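Have a look at the structure that comes next, please.
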Amino acid sequence: MEWLNIILQGILVGGLYAMFAAGLSLIFGVMRLVNIAHGDLIVLAAYVALVVTDTLGLNPLLSLVVVVPVMALIGYALQRLVLNRTLGDDLLPPLLVTFGLSVIIQNGLLELFTADSRKLQAGAIETASIHLGGGLAVGTLPLLQFAVAVAVIGGLQVLFYRTALGRAFRATSDDQPVAQLMGLDNRHVFALAMALSLAVVAIAGVFLAVRANFDPSIGPARLIFGFEAVIMGGLGSLWGTLAGGIILGVAQAIGAQLDPGWQLLAGHIAFLVVLALRPEGLFPKVQG
Amino acid sequence: MPEPLLEVHALDAGYGDFQALFGVSLTLAAGQVVAVIGANGAGKSTLLKSIAGLMPSRRDAVMFEGAAIGDVPAHRRVARGIALVPEGRRLFPSLTVEENLLIGGQLGRAGPWTLARIHELFPVLSERRAMPATSLSGGQQQMVAIGRALMSNPKLLLCDEISLGLAPIVVREIYARLPAIVGQGLSVVIVEQDIVQALAAAAQVYCLQEGRVALHGAASSLTREAISAAYFGV
Amino acid sequence: MSVKVAHATPSSRIGVAVFVIGLLMLAAAPYWGDRQSLRLLAEIFAYVALASLWNLLAGYAGLVSVGQQAYVGFGAYLLFALTMLLDIPPLAAIPLAGLAAAIVAVPVAALIFRLRGHYFAIGTWVVAEVFRLLAAQVSVLGGGSGISLPISIITAIAPTRQWREFIIYWVALALVVAILLLIVWLLRSRYGLALTAIRDNELAARSNGIDVRRIKLAIYVGVAFGTAMIGALIFLQKIRISPDTAFSVNDWTAFVIFITVIGGIGRVEGPIIGTVVFFLLRQTLADLGSLYLLMLGAVAIVVMLKAPKGIWGLIAEKFGWQMFPLERRLTTLV
């Protein structure tokens, strides 16, 4: 029964990892860009939430109302002003620029907020739990996070495959010049995609801030979790990303149970095993 | 005399160090069909791309409805009413047939062309609307490409080698629809390697040879010999 | 009539001369420099070597790795293990550490070569993280908090402290020179020609019969070998090791990448110029702490957007200079 609980916790945290990954997957799908600063942007969102909750006295979960638009705006500006210039066949410029961005964000946050560990308090919901019977219990907050993750991924699917914006994303990613012939301004489409990605990052960041301690240096680890979830799930598939996140969460939970020092290692090993046995991922749609 | 719809004026165009067009000029009146013929590499596609805005040009090298649009980016020329059916169809592989048509109408320009009208024009497409666009046959893909361009309700339709890679019977089928397209008040520039088809469909013909206009005139008045000479540069 | 390939240019002749003179001066450094300058020079040599190796990997073979710290740390830990647990003399342990890294690099490559482009880059980071976590599990080498090299091992290098400093300095100089010469030799050979072909157009290279995969694997393993030796040397000098310092992304990847980008990627001279600029900046700005890193990141971004060929790239394009004889000119002999 204890194992069942552990696995359940792992599944729920997998939802958070899937949210880390969804923004990454979206950007790669639309513009073949991997944002090395992605994890640091999640941490940035957490700090924005910190500032919003401190100044406005809101519950962190309500701060989403401010954090999401702020991060979306940052995403639009970032893409339009900096990242659009790096797109092209050469993969060095976007990789190095986003790497530089990662260093800037980490050290900027360090300067502004110091290396102190922070956490946002969401109140009673943090300790509330739902009993499923038979000795199984789930925390209300982790369950909420998972539900939000599923909703976000579902929402992205609908957006991509049922709306005009989604068509614009897919068309621009297929063939930029011909997309222009449809009246689409590539620079604007890419910037919208980044804005959307950072909106998802904002949600992930707020949940991260409420769930655990955070400080400016934890960005790269979130990037790696997101990346592992994307690769395990299969490139180009958003639901696959959810599956990948769940696998990662469960692997980490099992590892932690065996020995607390093995938590991260277990996740990485699960990733390497999937990479070795099924490199295209579990539900691939795109040959990346 | 009414102002021409499209005026290309001493257009130069090239790719890096390679110049493809040398001072090309062309006029098109509203409601006209003009054919541009020439051998491979003569610069026909480059001409259409320059008109559509996919290639840079001097500001006054392309005049549309009396306005200089040479510096207008491609995505804004669509809004003005210029649509290109690209060489090789270039349908979006991630989109279905229906979605390819819908994205053509992205801008929502007013006009006679709707999804229903396109289905009337090309009935075979309505059966295949949910299929991935690139899974269709060459001829059907060409129909989707034309339909996609029409969905933007253009005033000027540019067709780049729509017969390329298609069986003659399919080509005839597509060109048979041309009167229905032009009948809606559209002006068309057809780039063709199939000279017979081009002369049958167009009122005016331009022949390009190595980036220059070697011959132009009314389709009915040009002799075979004159066209041969201009085409091959003999 | 036969055809010969000539490599030298007027500027490269000057460059080689400057290089040789500089080398002689540096070799004599123990006689004119104090302890601090020797340490600084050794650090500079280490970065020139690391950056040159990364440049070969990313700028020439197109394998952009942000995980080379895996091999720096691996080499360092192996040095500690070989000397402390197997009583191998430290100087002999350096090439052995390199060899071990080369062996480990083969299965690692088999795994991560399944990833392409940006995902390959992050994959290399994951591998480095795994190495770091594994190192923290090895309690006999200090586990998570690290360990120091016992005095007996250090004194085994040379009887006096002064000679120990000299020897470590000369080993560092010898290593960086060997690595640079190897890289220049490689680029002059037909493998170098193949590399340039791969860099310019991989598909075309493959269709011309170049075994792209084998060459990339060879480069990856070779770079791991060199990187691990440098790592072993660095931590032999530092004497103390811990997982976080040995596998530090900042020290061994961020700085190396910035050096190479600012100096000029895809050119042999780039890492040398970049290291000089980097150390000049560090001497003047290091007190600023994280602001310094922030500026470094900003400079790297600006260079990448405005001058992607780096400082040497700009110079080479403008003046056509080359420091090393790497040009290829066909000359006919009648």
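Note that the chains are named A, B and C in the order they appear, and that numbering of residues resets to 1 at the start of each chain.
FYI, contacts are C-beta pairs under 8 Å (C-beta built on N, C-alpha and C of every residue); 3 or more make two chains touch, one makes a residue touch a chain.
Given the structure is predicted, the values throughout are model-derived calculations rather than measurements.
Undergrad: Among all other chains, pick the one whose mean CA position is farthest from the mean CA position of subunit A.
TA: Chain B.
Undergrad: Please state which pair of chains has more C-beta contact pairs than any other pair.
TA: More C-beta pairs are in contact between A-C than between any other chains.
Undergrad: Please find which chain has its CA centre nearest to the centre of all protein CA atoms in view.
TA: Given all protein C-alpha atoms shown, the central chain works out to be A.
Undergrad: What is the distance, in whole Å, between the centres of subunit B and subunit C, each centre taken as the mean of its C-alpha atoms?
TA: Each chain's C-alpha centroid was found; their separation is 55 Å.
Undergrad: Subunit A to subunit C: how many Å between their CA centres?
TA: It comes to 33 Å between the two C-alpha centres.
Undergrad: Could you give the separation in Å between the centres of subunit A and subunit B, each centre being the mean of its C-alpha atoms?
TA: About 44 Å, centre to centre.
Undergrad: In subunit C, which residues are in touch with two or more of the other chains?
TA: In subunit C, no residue touches at least two other chains, as defined above.
Undergrad: Mind listing the subunit A positions that touch subunit C in their complex?
TA: 28, 32-34, 36, 82, 85-86, 91-97, 99-104, 106-108, 110-111, 220-221, 223-224, 227-228, 231, 261, 264-265, 268-269, 271-272, 275-276, 279, 288
Undergrad: Under the definition above, what is the set of subunit B residues touching subunit A in their complex?
TA: For this pair, the touching residues of subunit B are 52-54, 73-76, 78-79, 83-84, 86, 90, 92-95, 99, 102-104, 106-107, 148-149, 152.
Undergrad: Okay, in this complex, where on subunit A does subunit B touch?
TA: Counting only subunit A, the residues touching subunit B are 164, 167-168, 170-171, 173-175, 177-186.
Undergrad: Of all residues in subunit C, which touch subunit A in the complex?
TA: For this pair, the touching residues of subunit C are 58, 64, 66, 111-112, 114-119, 121-123, 125-126, 129-130, 133-134, 136-137, 144, 249-250, 254, 257-258, 261, 265, 290-291, 293-294, 296-298, 300-301, 304-305, 308.
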